[in-house]
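In what comes next, chain A is part of two complexes: it sits with chain B in the first one and with chain C in the second one.
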Partner chain A sequence: MEPASAPADAVSSWRATNTRRMGFSALGCGLLLVSFAADVATGPAMLPIPAVLRSLAGLGSDAMLDAIVRTLRLPIALMAAVVGAALGLSGAVMQTVLNNALASSYTLGISAAAGFGAALAILVGASLPVPEAWAIPAAAFAFAGLACALVAGVGRLRGATPELLVLAGIACLFLFQALLSLLQFLASPEALQQIVFWLFGSLQRSSMAKVGIVALVFAVTLPVVLADAWRLTALRLGDERARALGVRVDTLRLRCFVVVSLLTGAAVAFVGTIGFIGLVAPHIARILVGEDQRHLLPASAVFGALLLSAASVASKLILPGTVFPIGIVTALLGVPFFAWLVLASRGRP
Partner chain B sequence: MHPSHPRLSRRTTLAFGLSAALAGRPAWAAGLSVTDALGRSVALKGPAERIVIDFNYEEFTAVAGPSGWDRVVGFNRTQWADNRAAVFRRYLAPIPRLTTLADVGSTEVNTFSMERLLSLRPDLVVLGYWSFVALPEQIKQMEALGIPVMVVDYNAEIPERHVASTLALGIATDNEERARALAALYTGKLADIRQRVADVPVRPKVYVELGQGGADVVGNTYWKGMWGRLLEFAGADNIAAGRLPGAGAWGPLDPEYVLAANPDAVFIAGSSWTGRPQAVLTGFDTDVATTRARLAPYAKRQGWAGLKAVRNGQVFAMEHGLCRALFDFTATQFIAKSIFPDRFADLDPVAELRRYHEQFLPVAFDGTWMTRLTPAGA
Partner chain C sequence: MLRAHAVTVRYGRRTAVDAVSLEVAPGEVLAILGANGSGKSSLLRALAGVQRCQGVLAWNESAAPGAGIGYMPQDSMLRAALTAFEVVLLGRLRSLAFRVSEQDLVAARAALAELGISDLAARRIGELSGGQRQLVFLAQVLAADPQVLLLDEPTSALDIAHQLQVLVLLRRATARRRLTTIAVLHDLNAAARFADRIALMRDGQLIGLGRPADVLTTPVLRHAYGVDVCILAGPDGHPVVLPMQIAPVL
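Moving on to the complex of A and B:
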């Protein structure tokens, strides 16, 4: 190879890589659209597709059918997409700032904290001034934030090495799991059942207002993390190198924690603890588009949305007429897919 | 008033429009107002023709008859087919429609589907109390779409709610007369029991446990609803009183506390649950030997040999379906007779349950619904 052509080759190969990365993201978006359409088109009522389309277009003349399509199916399909996106993005940010492939809102106790908040609201439910439908998500959100604050606080106390933060997160996980078990122990059987269902995770409680809140949080936080994309990419090289490149690591990490707590809190608050998307979506995205955060962050959101949306469709098709718990479907659908991706990508750089 | 049974199928009646049954009724166009178990006022356009019902199927059948099911478009299949399998099988013969009737799922196991319910286009949704509590937002949606929601509650074991639930089912299905007869029967039988035990000098200590998991599992017991209230009516002293967390309706007791309380009588609630191989089997198609064989391990539980109830042969099985039903007075009679044999010598609870089936239900009565572990006199 002639030395003179090497830089040109590097540029063109970088461009090719970039195009391939964009291609994967575009493919993800395309699949997400298909999955979303399938989500709205399917359901236990087995409505004919043209009737669904008419109702979506606002041309429906049947109140019952409109109610099914617009107040039941549409919020669920949208919720699956925005919650999946929020969990995927928050997982990607988490894995990057903690420099740990196992980090997610699950493994670091944020979901457990949200679960504890929800259980607390269920338990004291009747005595709250707010309707339960809003008190539960509000409490879940507040405790997700509290868990993030605890982890970040530990980091500030002792100088934030990623390992310390991960340990703090795991301590947080066990703390909130223990507290949750305590509440379950104290709860009446009725409340216990409600808590267990909440922990299962379900899209069935969706409404347009709730979709709007999650979408808003996502829309506000995405630009914030994208603006940090270069700095986050630098952070992947390690704290010292990132500092050498002029990144203020501690503030960056704190900012990211706020973003993660907002995203996870909002997502988990309304649908319960839907498993493992925050862990897996970023890995899928990383295998397909690589470490560059400008690509990785949006792709994690896209694949998170796709995973949860596909799981939502599958949950309705497994046993026609009934809706299978989404949390179980997500894991059953996602784990084999993830395993295949990991095995298929072995040996590739 | 016209006799409510037998009647034409609703569709036929409507199609011809001029049947005698219709002609004799007040104008339905004005609509019906039904007061449900919770005292909620439910407005109907007329007797319901497309009902979704969630629980208390035997009460619905007693009030509306087997043909009443022609008005039903959806139900909670789990509650009947899985939780009361033998009862469900028995009702399939007189009500073949049940085989293919749409399932709206169960709030108890989180399978309830609002979409399925709406797609059935009901003109009345009848919910058990627990589903009413579990579905606040869905109920708002139903009401916004003009679908009336009526609550029945036999679980609370509050006699007024039994009566209100029964009358509500009667009015909503145009079987008010029959509903009144049923409510009067229930009220009369209950008053008789309470009067017989009114002046008992000592209330014997009683423990009830759900036998769903078998003797190796500590099952739920009951206080403020279901069996708990029946124990109160029967003149028993419930050892679970004040010992259950939360609302105190149900939950398990500490086995050590049960030993310390040393109950005079123990009742294990059985049923025909599917997939519960250790459960105490009771109900249709179950012979008494089977029930006793499944009940026997309870008497052999750690430390139970010393319980007064076990020493005196006061261990019983009774069908769990009897603790939240209109015919639950027979279970109350059984409990009362078991602890006060002298005061109920003239009364046979099983015969009462048989008579109720003969009079109001379309299925033959057999099997083991209430029995003692050791045969009387043994």
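Moving on to the complex of A and C:
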């Protein structure tokens, strides 16, 4: 054992670390603003960023440019940011409560369940009493909640461990993927095309009303998880230690599953299945700000928003004049990035 | 004074702890000994309030589960990206607010200083050696300012220098803070030297409770472990146990 020396004061050192962590989150917010402006400026007609900023501030003098910015591109850019934030936050919460760095709504079948719900609504759309534009997200939301409930239900079993919950999530993934394949097999060519397009993930169906719903869900759930930030941090020491510190682990996990189902359901419902954001954003945040969840949760949301916003820009630049489905872009960019992240963090405690 | 009366722990149909009763006074260190699977950890978890049990548990005329009790589970490798200071601060979880109060920060700093590990504060918990990690978790339970300290194998997998350091600090903290300390140990000689009393378990039952010299006897240890031992007198008067051979089954 090393002898105790005269160290820098532990409290001041911790405060300095926290200031540095907030700096990283602030940097993420700055990059998000840049990406957001680029997202609005990018499209079939490339707009100058100063003109975009003037238009967003209500100081624009070009009616055509104002219409493009506010009516067409603003909802898409905002949707990319709020959906990215929701997926980043839900991924961070899941990875913490399941003590598994590979947990996300995508890998645990919640997105697959939402996809099945959307496909079901597309197939029976004509017979539903609500417009298809709302029936599909509603069904996706409902099935995302169902998948979360199934996993959470397993968590209520006596002796359930985080590993069992992950296995339950993987079982959910295969179940809903199989059901989705069945629906695709049964679907007419027209419905099949619509289902496949939905599964690609796309921001092009965004509207300010839909942005408002996702933003509202995010605004309601963020304070709920932040109120549990210290308890979630304690959970990183393992269930037994968290219990010893006074955390009611099962109740906390259940509460987090409700939050995750709301966040994922709202995000996936309007834009389709988007992978890797919920997986990668918390990893980036963890490397930069550590695992004090007071910092990790907001940072995961910020970097999730930044990643999806940047992917939205990329989706319009890959093939000028064509908007690639965002789900394909996040996967194509996310896989090499994630591989690099995993390799770079080898040996890190 | 911690009082446990007829504490029973069952896992399904198996009884891990069978109607154990004991009392431990403030300032006293009780070591729980016994073979693997004898129910030591289950008893400790029941006392800590993290394991459902039957029976009566009380200390300071209060039976509020968890409050005032510092419980340190067995050591396990952690990959959490948390600093030692944050781990110790979590010991204050019951009072921690989103914006951490000066009182909680001071308590965490004091616990690190008390164990002489302030220099580890900024290190990540996953980077620490087993001995350093044990001291950080001991600081975590002390940061909560407990009245009862429950430790599950605090010296397991530690070399003799670290074992000695942990046990000396534990003894010192118990005396200074007038703690009621109960530790599950495997090392009979460490228990003989550092504990005021020893509780010896076999098959979930208490088969010996008393001063080390009274409990650590050849017939009792043969009954507990199935091993023939030789008991010597140590230089400081404590018994020294030498395992000799597996006792023949009669």
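The rule is short, and it goes like this: the second predicted complex is superposed on the first by the 302 of 349 C-alpha atoms of A that agree within 3 Å, B and C clash if a C-alpha of one lies under 4 Å from a C-alpha of the other, contacts with A are read in each partner's own complex, and residues count from 1 in each chain.
The working rule: a residue touches a chain if its C-beta (ideal position, glycine included) is under 8 Å from a C-beta of that chain, and two chains touch if they have at least 3 such contacts.
Owing to the predicted nature of the structure, the values given are computational and were not obtained by experimental measurement.
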| item | value |
| --- | --- |
| Touching partner for A:L157 - first (chain B), second (chain C), both, neither | neither |
| Touching partner for A:A191 - first (chain B), second (chain C), both, neither | first |
| Partner chain(s) touched by A:P325 [first = chain B, second = chain C, both, neither] | first |
| Partner chain in contact with A:S202 - chain B first, chain C second, else both or neither | first |
| Partner chain in contact with A:A67 - chain B first, chain C second, else both or neither | first |
| Of all residues in chain A, those that touch chain C in their complex | 1-5, 7-11, 13-14, 17, 226-227, 229-231, 233-234, 236-238, 240-241, 243-247, 286, 290-292, 294, 348-349 |
| Chain B to chain A touching residues, read off their complex | 103, 105, 108, 110-111, 113-116, 118-119, 121, 130, 133-134, 136-137, 141, 145-146, 220, 244-251 |
| Parts of chain C lying in touch with chain A, wherever the complex brings them together | 48, 50, 66, 71-73, 76, 78-83, 85-87, 89-91, 93-94, 96, 98, 105-106, 108-109, 112, 116-119, 121-122, 124-127, 131-132, 135, 137, 161-162, 165 |
| For the chain A and chain B complex, residues of the former touching the latter | 43-47, 63-64, 67-68, 71-73, 131-133, 186-191, 193-194, 197, 200, 202, 204-205, 207, 321-323, 325 |
